[in-house]
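One chain, chain A, links the two complexes that follow: it is found with chain B in the first and with chain C in the second.
Let's turn to the complex of A and B:
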């Protein structure tokens, strides 16, 4: 066959397949891009006398975001998210390491055992924690029954409960990329570390950790991003003192009915997270980070 | 023998029910290039890993320069290993890969620097000191792995099929270089390979392993020319195996013919069946009825026909069928003496001969 014809046919069939971008493209435009644009537009507006959002061109909402009333909430959100990341890493790394290196033929069973609870809605799982940690909850009842304490210990409405809920909610996003990178690591690299006079601890610090840094980075980003914006854990397990930016945004839309301010909060948070996302994607494109 | 670097004493290693290494005794001299040769699963790598400290023997002792080390963890043993996969640290550049062991041993900074430079020169990689492992070719990675181990000046260097991942040409080149490096540094090398040619060309001594035990241990010439059992004869090069029956003295009957072998070895009584092996390159083939050209008068001869012929460039590999149905392989090297128009035909009747002293009696 004539090569030019051949090319022509290839081109037209490629064009044919190109049309398949439209259904998904329209879906994303309608349900993602346009609402996002509306949020952005509304963030420059204000509230009228009836409490409805009105579009405008003012920066007032952004000034309010960095008002001394709200800055502690932003700082707290980042702090809780960082604590969550660190706890997830400390708990998740040994788990992922054990499954990847010693799970043998059971490793997929073990992974499934970790993943299956996450099929249950996050809200429902967090309610389970309320049942555990409440003053009349399972843990306190047991402590009182066993005489370990006279009065129930205040567990709910504390930062620990909120961070605990976040860790429970997002740890799987830490474990899975860690598992991936540990499993892919050549075990003889660890042996080489020991062979070259590294004690078990030195070998872990100088060989295993660097060899799995891609998974660590991916896990940290994947936990940090949703944890910063989370509102379920603080709402169910926390109180006014543990409010996070997600709760603040939710309040603006549902309780306070200040949609423009809520939009400004949303935009600020998205920009903050986008910085991390860009950092992560750049590392990932250089092949240094895990891409899920 | 020179001073002993390693002694493996009645070492057995079991993984559950599986016996990986079965009552092995090996003694390796200081400065020796010693190879563990065998097919996969023969226990050679497990033996090496016990020397490195990654596996602990189930039974027996391992002595490193006279000191028992079988329970010393790898990071406290003065041996280093070159891994089959090289196991380079991808997050470190070449220089830091090589310096890794010295840093863990807390060697002074200046000395680390000079020894790393020296090691880089030894493996001819000075220009690549700042490169990351993933920027290097397979051969260069191999050299980094070698330098990373040698820079520590171990008492013994362990090499686990270090050339297995390289292509044939590079492998040949590295074989020569490795041997030169070993001569230069004078360190005892224990080399694991399944490639018999590699073992023959590089080693001072070879231990051929099979099913967890040492089948034969000796210099390459001895292993090749005087294999003591069928496994060794078959694993090292190709061997023709013939059944013979001991008649009297050193006379062995093969089919209808009798053959006087120079040394039958001990313990073969009359009427006993023995295995006789002959190397293909020791077998001479001539046309029946033609003038004797390769087959010499003092050779043991049989008649047969050519069953198949493989042209190898440097010669021909002929498969010959004997009267009793058994087969022999002859490797005929092309030489300046070869007749230009000479061509073997399949089905041609031939006289087959070899010198009795080239018969290897297997136990």
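Let's turn to the complex of A and C:
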């Protein structure tokens, strides 16, 4: 194929480049791919008398997962994550559009400023929201001082706070791929839409939106996947009524110490995500989706 | 006029508000880290009280040291392994590269909690006690993928011609990698390393699942502090962590630019020729 690679290096050179792949590839296979199957295997197991997880062949954990206690948590997790995706898209699209089209020479400064908050520790960022939204927090103090409300409004421990925390945590994963696809879009197609007497809305819906589809899809997947598995936002900004599947899983591995059940919950969660992951991997490996 | 988003004025306002939303919580953390009182609502006066408290707390200092050690080890190992993987994936045209190309992406899109549990299970299966090393191993796994993505991006813009030229001049394949490709990739490698340092330093979820009794990294310590209640020391710790990771990221962005002019592979080649 590549003449330079086949030339004069002896037979061993055919595999020359594969040797570069092996250390990293085998590392990921051994310490990432195989452990995923351990999770699957343990999910059919049970807990022995000492509270340790033991492998087995029973479906009991899955029966428990689809028990009426846990189904609402699964539904809630997917619901919160979808709400997060939609909010990120609605907030992120105009921002990405502005930077890509009107950022001019400040484009990279604006992008860098966008990325900075993302490199502040996620716990610290979420904790800042706790301080802001608490009943005696800054926002409520201001509202009371300005006479907008008599009593503090309960903001913490609500679904809004949890979803808000998720949006704050993951919106960067939406804006970056959106920016990439808007930046690459040829502005003349918008002109063409205009020339064809498309209304602003029509032009946006029929020209801009389809042209930036790759970025939208990548952004949605990249926000949805971590949001479903998140437990920090629900733990710090929510309460037991807003717990997500991540909180349940975390509990099984620490407080409740039921690893097989935690594994089953993880497997079920991954099944929810598998479709999205496969879809994304197919596009990314063909170079059709933004990687980050 | 042609799109609802056409008018920059509306867009500018909206974008400005989003930036406020992104920065206000962070500014609050920074401002209140200098508060002289315990309050998180009212600034009473300026002081370094909470920083003094942080630096005089032996467990927190221990955690800081642990976090730095983890991030450095992760950076060094994953940069070497990840760079090799990127080179292999781009240059090899074998079935091997196709499979690993997809495998390499999976750690990046798997929710961290799943990666954390998988790591916990493999360590307990192998009977490896949780320590600083288990955290490092877990961090390296996802960092390899990050490094690979960053380096591969740079690699795509370097043609094979330079290496071919080196080989025409009598270099072996390995020499053409060592003397031509690696120097040309160097800015991207450094940038990837610094990025991984920041990600590892800030990571909570993976560390949470792979941390043992002792040597808890800073984010794991912060987690237990937050759950005990709001403490102004967290603001100081948070601000310091911010300084560390943002410096690393700023360097990661600046370094390739500093090398911008000199990274052309041809020059490196002529340099290596002498």
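Please note the rule applied: the second predicted complex is superposed on the first by the 262 of 292 C-alpha atoms of A that agree within 3 Å, B and C clash if a C-alpha of one lies under 4 Å from a C-alpha of the other, contacts with A are read in each partner's own complex, and residues count from 1 in each chain.
One rule holds in what follows: a residue touches a chain if its C-beta (ideal position, glycine included) is under 8 Å from a C-beta of that chain, and two chains touch if they have at least 3 such contacts.
The shown structure was predicted, so the numbers you read here are calculated from the model rather than taken from an experiment.
Partners chain B and chain C fit side by side in the overlay (superposition on chain A). Once the two complexes are laid over each other on the shared chain, residue contacts for A:125 go to chain C alone; chain B is not touched. Comparing chain B with chain C, more residues of chain A are touched by C.
Of the two partner chains placed by superposition, chain B and chain C are both touched by A:191. In the superposition on chain A, A:211 makes contact with chain B only, not with chain C. Once the two complexes are laid over each other on the shared chain, residue contacts for A:148 go to neither chain B nor chain C. Superposed on chain A, the gap between chain B and chain C at their nearest CA atoms measures out to 7 angstrom in whole units. Shared contact residues of chain A, touching chain B in one structure and chain C in the other: 191, 193-194, 198, 200, 203. Per the touch definition, chain C reaches chain A in the complex via residues 1-6, 8, 11-12, 14-15, 18-19, 21-26, 28-29, 32, 40-41, 81-82, 84-85, 87-89, 91-94, 96-97, 100-115, 117-122, 125, 137-138, 140-141, 144-145, 148-149, 160, 163-164, 167, 172-173, 198, 202, 204-205, 209, 219, 222-223, 226-227, 230, 234, 237-238, 241-242, 245-246, 249, 253.
Of all residues in chain B, those touching chain A in their complex are 52-54, 73-76, 79-81, 83-85, 87-92, 100-101, 104-105, 148-149, 152. Note for the complex: chain A touches chain C at residues 1-2, 4-5, 7, 9, 13, 15-25, 27-29, 31-36, 38-39, 42, 91, 94-95, 97-99, 101-102, 110, 112-117, 119-125, 127-132, 134, 136-138, 141, 168, 171, 190-191, 193-194, 198, 200-201, 203-204, 208, 221-222, 225-226, 228-232, 235-236, 246, 249-250, 253, 259, 262-263, 266, 269-270, 273, 277, 280-281, 284-285, 291-292. In the complex of the two chains, the chain A residues touching chain B come out as 186, 188-189, 191-200, 202-203, 206-207, 210-211, 213.
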